Amino acid sequence: MEKLIEEALQEDIGPGDETTFALIPREAMARGSVVAKEEGVLAGVEVAAKVFSIADTGCNIVTRKNDGEKIKVGDTLMVVEGRAAPMLSAERVALNFLQRLSGIATETARYVEAVRGTPVRIVDTRKTAPGLRMLEKYAVRMGGGFNHRFGLYDGILIKDNHLAILRGRGMGCGDAVRLAKSKKTHTLIVEVEVTSLDQVRQAIEAGADALLLDNMEVEEIKAAVKLADGRVLLEASGGINLGNVRKVAETGVDLISIGAITHSAPSLDMSLEIEPI
Amino acid sequence: MEKLIEEALQEDIGPGDETTFALIPREAMARGSVVAKEEGVLAGVEVAAKVFSIADTGCNIVTRKNDGEKIKVGDTLMVVEGRAAPMLSAERVALNFLQRLSGIATETARYVEAVRGTPVRIVDTRKTAPGLRMLEKYAVRMGGGFNHRFGLYDGILIKDNHLAILRGRGMGCGDAVRLAKSKKTHTLIVEVEVTSLDQVRQAIEAGADALLLDNMEVEEIKAAVKLADGRVLLEASGGINLGNVRKVAETGVDLISIGAITHSAPSLDMSLEIEPI
Amino acid sequence: MEKLIEEALQEDIGPGDETTFALIPREAMARGSVVAKEEGVLAGVEVAAKVFSIADTGCNIVTRKNDGEKIKVGDTLMVVEGRAAPMLSAERVALNFLQRLSGIATETARYVEAVRGTPVRIVDTRKTAPGLRMLEKYAVRMGGGFNHRFGLYDGILIKDNHLAILRGRGMGCGDAVRLAKSKKTHTLIVEVEVTSLDQVRQAIEAGADALLLDNMEVEEIKAAVKLADGRVLLEASGGINLGNVRKVAETGVDLISIGAITHSAPSLDMSLEIEPI
Amino acid sequence: MEKLIEEALQEDIGPGDETTFALIPREAMARGSVVAKEEGVLAGVEVAAKVFSIADTGCNIVTRKNDGEKIKVGDTLMVVEGRAAPMLSAERVALNFLQRLSGIATETARYVEAVRGTPVRIVDTRKTAPGLRMLEKYAVRMGGGFNHRFGLYDGILIKDNHLAILRGRGMGCGDAVRLAKSKKTHTLIVEVEVTSLDQVRQAIEAGADALLLDNMEVEEIKAAVKLADGRVLLEASGGINLGNVRKVAETGVDLISIGAITHSAPSLDMSLEIEPI
Amino acid sequence: MEKLIEEALQEDIGPGDETTFALIPREAMARGSVVAKEEGVLAGVEVAAKVFSIADTGCNIVTRKNDGEKIKVGDTLMVVEGRAAPMLSAERVALNFLQRLSGIATETARYVEAVRGTPVRIVDTRKTAPGLRMLEKYAVRMGGGFNHRFGLYDGILIKDNHLAILRGRGMGCGDAVRLAKSKKTHTLIVEVEVTSLDQVRQAIEAGADALLLDNMEVEEIKAAVKLADGRVLLEASGGINLGNVRKVAETGVDLISIGAITHSAPSLDMSLEIEPI
Amino acid sequence: MEKLIEEALQEDIGPGDETTFALIPREAMARGSVVAKEEGVLAGVEVAAKVFSIADTGCNIVTRKNDGEKIKVGDTLMVVEGRAAPMLSAERVALNFLQRLSGIATETARYVEAVRGTPVRIVDTRKTAPGLRMLEKYAVRMGGGFNHRFGLYDGILIKDNHLAILRGRGMGCGDAVRLAKSKKTHTLIVEVEVTSLDQVRQAIEAGADALLLDNMEVEEIKAAVKLADGRVLLEASGGINLGNVRKVAETGVDLISIGAITHSAPSLDMSLEIEPI
């Protein structure tokens, strides 16, 4: 995380913050308060604190709200005291992390709220901003969601495009599952994307551990749940939004994955208010 | 850009794509088509092409649409031919870049369209995803927008927080402008954030080159335009959305900056369809 | 892999190969043959080829044996033709990779041979040389072994030290398994280290997917196999060597993990023989 | 060294230690003792300490044995107190360094012991694990050995392959020595690999400072010692093992280089025992 | 800056300071005083302090003179107390930074002194040592000079070579200025290199903000000043040295840029005197 | 070298060359000629070529003069043909390398010329620009000089400050030499800095291989040469310039080291002349 923050500061400050350099005396001290301008769920307060402390190792930071907490308009989220110049130079980077991560946590929390009372997990996808996956997946957890695999290395997920290649070699969905089971590291399960009840049946017979039900209608999902009968984990994915997520949750699937909680979550509005001390 | 792509591939693939490794023979060849599933403005097609060519230096890529072009649902945007295994491993990273950048270009284009016929520039802000600023600002240009400064190093923008520190030292907005002019590199202009007509007057008298009119109502902006009378560039900022941007543009300001075109643009939906060859 | 090779070349060559610089004219051309001086299983021939091609992008390389093949004393493994100076400077690094990886493949093959005819997998551990894990695990596969998890991120393995901490909080082996199942990413299984039949029973009842039987005697392993009765994967680990591995394999466990195939495999002897051309 | 350790931790932990994350509360504290399970010579205790302190900057470490000391089965080598979670995540990396380096020190000490009473130096070679040369050469010193050059940049060693290229240009061993002396930095000596008494004579006449006697029989080495008569340093190399090293040492050579002390030293067995505090 | 210093230490120390390692006991403590052996203007004292503190985090440093101060032969500039071994290893790197930067500050101060009493700014160029631009531009400020743009990204400067390309497309100096004004980020001014009074006129009419008068004679510069009449900033450049800089300053230009203050400033002589404590 | 060039380009271009971006069409092609504006010795032409080829992989470069050649005012040194935009963006970096390295080669050649006819080697020091040592030492060789050690790792040089620490422990110059000989890697010689004839005697008796005669007068150097009588290498250092170097050379020393050839060599003037094609 530190490397990421240093690169973000480097990206913004580059060879120097011209405005601050011209105007702010080196010895000027300040207090900066991060204030919420929109309600939501907080995520990234420690990241933001780290931004300020990397910019000015001597600054003093108090966090008033914790990641995962609900915040209201006007809430003071954290207070930084230290040298004014590095605080001004770090402001935008700190807010960029904090607003983005809180936006993701807030959007996730909306889905989690929508399925409250069901045993379904809201899970994320790999549709994250390049370079920020770990932080974005952390924000999903702060919003009450669960993580799907972190990358291609910690989960087997046989997707339509894998099946298309194998079909060209005369292999079906069940063959794919069997092949994966024979070759994979034993610490991973085998999940496979299916688009029909027929594939659901083949995959289960071949020994799949989990199925991703791709873009199925609610009725078809219900049929898949019945057919699976608890033998495999079921993940619904595709075309699911706040309007229909509860219906999908009530079908009895175990997981619902939502790309939008990371790739399209709007930023949560906040500002830094600085005063001299 | 290459380093960024390599890091994104490393982030997703890590020590290995377990699924592809288990299932796809090394010699299998494939054709992959990136297809639009939503209409909008394309941005990032060369980035996506670079992702595939880094993953498989021997692959062959044809781009069917160019950055900045309007695309419709079902349009084929680019076609990749090469080894199936690296294509599958690179799919998500290529799409993550392409969908995000096209989302930004598309959102920008909506604002540009809304002010069409006025001389106003829609400009971006520094509210970008950490590490991705250059690409996101490129996407803004592809959507017809203009870039504000890239970072703290290539523009002087005296903001409320700078003024707050200086106020604590008995200096006003005009003093700040004068100080900046005396100390800055001569290749940069001096822009200052103002919140009242009084500050507009002081800043102009002190020799500011541009003013950022922060969160002003349309009527106040009009008064500022009249007061400035062409002596400085005027940038409207804060609280501007697709519903009111035209009204703001018609006040006569030169620039309108919109954070949401980068920090809250939803991803544009696309998919990669792979077939064996 | 390229970064690793570049760092290894940098480590050996540093600011310059003083001997080659003083003696070998820039235009001198040479043929270099890598020859086996010991019998075993080859691994790393593509890594070695990459070393030479990074040192001299214009060189021509023919590999005569493939990774995973058995090699005999005197076999020519690969032939490089190109400029003499970079070939001399790259020699040691290429051999260091090739001899080390072939040593691991060879040691692994001895264990695989010893259990031939049983369905047991010989698997590796995380006891690898820092920085070289991916290559060493690749060498294990070339020797006929299978990989255990690559790191702490792609497998759940609850070990004695985790259980010790949890015991201090009043939790037993079964509680640990249940907690892990409730919190883990769904793409990973839960494996737990057990040291007694009682723990075997608790772990299975709590829903563990795999058990690591730590340092158990052959008779105790047999009892565990009987008790598990196919409900979980069983991995034998600790105190297993070429002398007793067959006995352990015949107990009916699914996996036998051997740290020594990576942490103590002796290098396989080879040399590079260069002649002018 | 810090960069190396950070990369090793990154290699093992990657995006996260899934087991520890799922099971160990953030506030849990622990004491971990590294205990020897085999006798030998310790090396790397400060490296291991650094691993733990990088993983948890607040931990408290006491080393009970120093690098270079002999250790017995059951000896506690170091004790770490701090947060349980990072200690568990760092365990394997710390042990991988410590066991490998102690393995090298122990193997080196066997050779040093074997030549005790003679003035011979046991020296290492460049046959080290890529990326770990400095640490492995440090371990050789801890075992009582001496270092040969660190890389191609801090020593001139004209080897058979250099001579082969020069032979193709009509130059012999003596010419090579003279050429090297005329071109080299004055801070380095010239050492040359020789395989016959005739070459010994030529090299000395040409002004060589040291000779590497390659794969010579003991009698031939004795003749070389007599011929050299103290005018140059003599290094015996090739085909030397614990069985014959004393005989070689008694010939009167100055240095004996042994590749196996780095490339084939078995790991020294140790474990980390953690308890809650 | 820290990364730069670490790389410089790595460049000098590499795998180890052989002399210090062989001679200086680890526990030896020392006091080192940096003493001026030439008079001039100091720059880089904090950089040098950082070198010592990176080499030995526990050392104690007192700076006796500040950057920008005039120093005389024999002045003690800073005193370091700490472990002798890292102080010896860091000596050369610290002095290399300090002597080079002080050399630049001293040369700059000579030019600043030569134009004292005029309102002209002495500014630097991009003719800096690769990798050291920020530090060298800092040294220019310490010598009383001002910085021109830091790189190609924070200033528009249309040079002869740009104009040559545009001429091939039928565009003149005025067209270039207009094109730049229509496309540039609004935070930057447009400066253009001119070589004749005719170009001065065209550039001003096209709206240029600043002109670089390239290699003009003093009389021609005077004519340009008269022609410009305060409408644009004027920078004289090329062929200016300590002998004629005052004459150029008295023409009424705003800025005089001098490449030699960075690319040809001789090092300022200093030494480190170490004594045991 | 590539990494260094990439960093230099990044330093200058940063997020983008604003001028070229605004003015030069992507498809514009150009020919650029590097022309000497001062006479001297060329060094760095391949570095400059690499700068252009990294900036535009498709460009075509012909070098007209080689490193080490004498060049006259007006000579064309190299010609680049390719896309105009990257050529313009790379111009300054290419020239910065080329002018600096040629400046060093030219200054070195002046000293080499001054001692022509004597057997003395002009050698460099470690007083180089941080990060550029390898290139600067290469330029010294191009100017006819020789390199001293590259860093602290490839040479033993016991300096006054080492002796000061050892003196505090009751050890003299001879003790230091003996200690270094007993501990050093056998591939390095022992050189020691001496300031009096008495130290010369002690060092030789202790077995030093080379002496650095620090700041001695010509008469004292002559006495040292006589005293040494060919038993050790002698290096004169300190206070030597073009005015007295010949006198020093004629004393019979083997090496004369000159810091100024790297730390104070003025840049050699050149320019890039671009025309459209």
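A few remarks follow.
Going in written order, the chains are labelled A, B, C, D, E and F, and every chain counts its residues from 1.
Note that in this section a residue touches a chain if its C-beta (ideal position, glycine included) is under 8 Å from a C-beta of that chain, and two chains touch if they have at least 3 such contacts.
These numbers were taken from a predicted model, which means no experiment stands behind them.
The minimal number of chain-to-chain contact steps leading from chain B to chain F is 1. Using CA-based centroids throughout, the chain positioned farthest away from chain A is F. Interface comparison, A-E versus A-C: the higher count of C-beta contacts falls to A-C. Different-residue interface: chain C and chain F share under half of the residue numbers found at their contact.
Chain B and chain D have Cα centroids lying 53 Å from one another. One finds 22 Å separating the Cα centroids of chain A and chain B.
With centres defined as mean CA coordinates, chain C is found 46 Å away from chain B. Shared interface positions of chain D, i.e. residues touching 2 or more other chains, are given as 14-16, 18, 133, 150-151, 153-157, 185, 188.
Residue ranges on chain E touching chain D, taken from their complex, read 14-16, 18. Of all residues in chain A, only 121, 123, 146-150, 153-157, 185-189, 191, 210, 233, 235, 254-255 touch chain C in the complex they form. Within the complex formed with chain D, the chain A residues making contact are 133-134, 150-151, 153-154.
Interface of chain C with chain D (complex): residues 4-5, 7-8, 11-25, 28, 30, 32, 84, 88-89, 91-93, 95-97, 99-100, 103, 126-133, 150-159, 161-162, 164-169, 176, 179-180, 183-185, 188, 259-260, 263-264, 266-267, 272-276.
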